[in-house]
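Two complexes come next, and they have one chain in common, chain A, joined by chain B in the first and chain C in the second.
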Partner chain A sequence: MHLLTGLVIVVMAVALLRAIVPAQPTLTMLGGSIAALVLLVAYRHDLLGTEFWAGAIGFVAILSALLVVLHPNPMVSVLFLILNLLCVALFYIMLQAHLMAVLQVIVYAGAIMVLFVFVIMLLNLRAEEGLRLGSGAERWLAMGLGGVFAALLFWALRHRGGQAWAGPGRYIEGFGTARDMGALLFGEYLFVTEAASVLLIAAMVGAVLLAKRRLE
Partner chain B sequence: MAMRVDFFLVMAALLFSIGCVGVLIRRNVIVMLMSIELMLNAVNLTFVAFSHESRSMTGHVFSLFVITVAACEAAVGLAIVLALFRRRRTTDVDDVSLLRW
Partner chain C sequence: MDPATLRVLIEATVKIALLFGLNLTVVAYMTLVERRVSAWIQDRRGPNRVGPFGLLQPLADGIKFIFKEAILPPHAHTALYLLAPVIIFVPAMVTLSVVPFGPPVELFGLSIPLQIADVDGGLLVILGLSSLGVYGVALAGWSSNNKYSLMGGLRSSAQLISYEMAMGFAVVGVLMTAGSLRLDDVVRSQMTHGWNVLWQFPGFVVFLTAAFAETNRLPFDLPEAESELVAGYHTEYSGMRFSMFYMAEYANMITASALAATLYLGGYHVPGLARLGLSPNLAALVQVAAFGFKVAVFLFLYVWVRWTLPRFRYDQLMNLGWKVLLPVALGHLMWVAFIVLAGWA
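This part shows the complex of A and B:
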């Protein structure tokens, strides 16, 4: 865990230095890289632990989610959203949900995000002049509500008493594979699967109608 | 230190809160849609984590359906944004207040 904390501090320090002293970008990056290398060598046994990788992926996921919300350029937001989705796909792999990880990358990060990129390029959106985050009171109310919401979630999660996370290779055979998923989808949840297909058709017809140039 | 499923739940809670704040504070429709995708994604992570904990694959099936609904929402939402942009030349929700008070 020391390695992860150190690396996070190094990344934060580099970002802070680049914001404070924009004139020396190479020096800052060089210092950051040397500090990161020293940390990696000193705590190299941490690299083999799952906790380190889970924490690192989580850090990247949170950072990219924050940048999705805070970046003024929608195109950059989409790219960071793709990074966030890939991080969550790695989480799925850690949770033995292999098929879900593959679907996350193909369907979510692939198909749906391409739709977003396509629309942004079609509309030729530029970065907003100065980040407009709503009016003053509205923004602080939203931030406060978000904080309250996060606190509530954490409160609900404390002392939940769940089971320990089972590492890779120590799990039920067939969990998370396409075969078991298909058996569930076309067995127990057949009706829901068919309903989802109807929903997809309805959404497709709706999208085509809405995007038509002239509605008669 | 044993890792628990709670780690993934905490991650999902953080991602959901960030998405929630994003929907509330951003005024660009497309970024708001992206924040909604963030929230749906966090819910998916929660489903998969609980599915891992309870050793049952039902959560995977549910998160697959959540992905389906997210795809529908993105398609219809972006079509609305396109139609809106064609008429009003804007993607700012503050400029589109016909149905508001």
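This part shows the complex of A and C:
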């Protein structure tokens, strides 16, 4: 746990620096490389251990998430978002939730992000290069809200509920496989699942209706 | 490191090396097959100068690709331009790892499954990885900073999303009869219930059509339609970078063929083999050969269709995907649900 806390602090520091000094994303890269080096040195005796991998993947996840926001080129931002989603999928695999991991890759990384890429290509958003920062008040507000979010995150990490992790490679009864997940979705949570699907269809019909210039 | 971990590592490494080599060899010789078969269909001779029957032609092509100048267009987005061939090539090579090639074989007193990874969501892993390949095409089109490339990239992302839906629905039918996402379970269920192609013919047709579109092969190769887009998304690529797109296309064809054989033609199952009373390892060999034959049939079909049908127009492609294949796949799903409920499968 202390490892993840340390990582979050390093990344937050880099982000803060970045928010104050509007420079190129190379600064983020530099901070990231230093953090990676620290990580490698700290875990040089246990490079195949679970904690090292959790830290390494989490590190890539946080770094890519930062670059989504900080990179001036929208297409590159989208690619870092995909990298971030893939890291989250790896976390699901480490937690034995294989189906969730695969669905994460298919639905988010594979389908939804293609639409992002599609829209960026369609609009050809090259002119957006060069980061536009908000006014002074906006920046302070954003930093304040970010601080609140970070505090919440720390609180959640400290007081996390639920059962302890069973360890790598161990199957937890009734958790993670396609069969278990199906039983949950179409058993206990059937109403929620169906309600969500109706909601999505309503949203889609609404979008089509709004996009149509003239109703016939 | 304890012996059990070491054994798993060695076994996996050997299997990965074998499959990688096999995959690349088949890719190389598919290019030759494509040219020889197209020549045969068009009543020509085809490449037959390099080696006996032109068998060394892929080698000559490879050497030529390596020695071609690798052009880096000055107006391209360099990083993404270099990354795109990698993004398309890696998933194309990796997807075959969850396909079972045969029943487990006994070697050195160990039972070795002929599959690199038997994961719980095997089929979904293939769909997920192949859906990542589209970024290669889209990025190649965008980063080349060329209008033809951009059009190709746009078309491919729209096309892949459209046909993924139909393909997914067709595959759900197979999963319902097998009751599992593991490809080995799908093969085993077909041993007891008969091949899926008999029960689920509409699903098979939808799957095959969508697979043609997903691999960007004719009649759905609009992203690189040379009559209107020069060479589409890979217009600006040359040398080995171009050849990576080319190899990825053939690797995707192999994966799609292996998947079609596994899902609908019983995978490595050979009807009536158990009655011959062969030793387990010999039977496994026969079954691997049968699987190879089934894959080869689909690969030939790919080539055959390419040199027989003309290319679709873009609106025809979209109409076929959304207005024909998707409803057919949905109707088929109802039919399979009925079969499963009635207890026929």
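Rule of thumb we're sticking to: the second predicted complex is superposed on the first by the 148 of 216 C-alpha atoms of A that agree within 3 Å, B and C clash if a C-alpha of one lies under 4 Å from a C-alpha of the other, contacts with A are read in each partner's own complex, and residues count from 1 in each chain.
Rule of thumb we're sticking to: contacts are C-beta pairs under 8 Å (C-beta built on N, C-alpha and C of every residue); 3 or more make two chains touch, one makes a residue touch a chain.
For clarity, every value in this text was computed on a predicted model and none was experimentally measured.
K.L.:
Could you classify chain B and chain C on chain A, in the superposed arrangement, as clash or fit?
P.N.:
Superposition check on chain A shows chain B and chain C fit without a clash.
K.L.:
Should A:Y189 be classified as contacting the first partner (chain B), the second (chain C), both, or neither?
P.N.:
first
K.L.:
Scan A:A54 for contacts with chain B and chain C and give back first, second, both or neither.
P.N.:
A:A54: touches chain B, not chain C.
K.L.:
Return first, second, both or neither, reflecting whether A:V76 touches chain B, chain C, both chains, or no partner chain.
P.N.:
After superposition on chain A, A:V76 lies in contact with chain C alone.
K.L.:
Can A:L99 be said to touch chain B (first), chain C (second), both, or neither?
P.N.:
Both partners, chain B and chain C.
K.L.:
Is chain A touched at more residues by chain B or by chain C?
P.N.:
If we count touched residues of chain A for both partners, the winner is B.
K.L.:
Tell me which partner A:A203 touches in the superposition: chain B (first), chain C (second), both or neither.
P.N.:
Only chain B; A:A203 stays clear of chain C.
K.L.:
Which partner does A:M121 contact after superposing on A: first (chain B), second (chain C), both, neither?
P.N.:
Second partner only.
K.L.:
Could you say whether A:A111 touches chain B, chain C, both of them, or neither, answering first, second, both or neither?
P.N.:
both
K.L.:
Look at A:L37 in the shared chain and tell me whether it touches chain B only, chain C only, both, or neither; answer first, second, both or neither.
P.N.:
Touch status of A:L37: no partner.
K.L.:
Give, as a whole number of angstrom, the minimum Cα separation of chain B and chain C in the superposed three-chain arrangement.
P.N.:
Nearest C-alpha atoms of the two chains are 14 Å apart.
K.L.:
Of all the chain A residues, which ones make contact with chain B and with chain C?
P.N.:
In the superposed arrangement, which is not itself an observed complex, chain A uses residues 99, 103, 111, 115, 120, 122, 176 for both chain B and chain C.
K.L.:
If we count contacts the way the header does, which residues on chain A are in touch with chain B in the complex?
P.N.:
1, 50-51, 54, 58, 61-62, 65-66, 68-69, 74, 77-78, 81, 84-85, 88, 91-92, 94-97, 99-100, 103-104, 107-108, 111-112, 115-116, 119-120, 122-123, 125, 128, 132-134, 138-139, 142-143, 145-147, 149-150, 153-154, 157, 160, 162-166, 172, 175-176, 180-181, 184-185, 189, 192, 196, 199-200, 202-204, 206-208, 210-211, 213
K.L.:
Inside the complex, what are the residues of chain B that reach chain A?
P.N.:
1-11, 13-22, 24-28, 30-31, 33-35, 37-38, 41, 44-45, 48-49, 51-53, 55, 57-58, 60-61, 63-65, 67-76, 78-83, 85-86, 91-92
K.L.:
In their complex, what parts of chain C are in touch with chain A?
P.N.:
77, 79-80, 119-121, 124-125, 127-129, 131-132, 134-135, 138-139, 141-143, 150, 153-154, 157-158, 160-161, 164, 180-181
K.L.:
Flag every residue of chain A that touches chain C in the complex, lowest number first.
P.N.:
73, 75-76, 79, 82, 98-99, 101-103, 105-106, 109-111, 113-115, 117-118, 120-122, 124, 176-179
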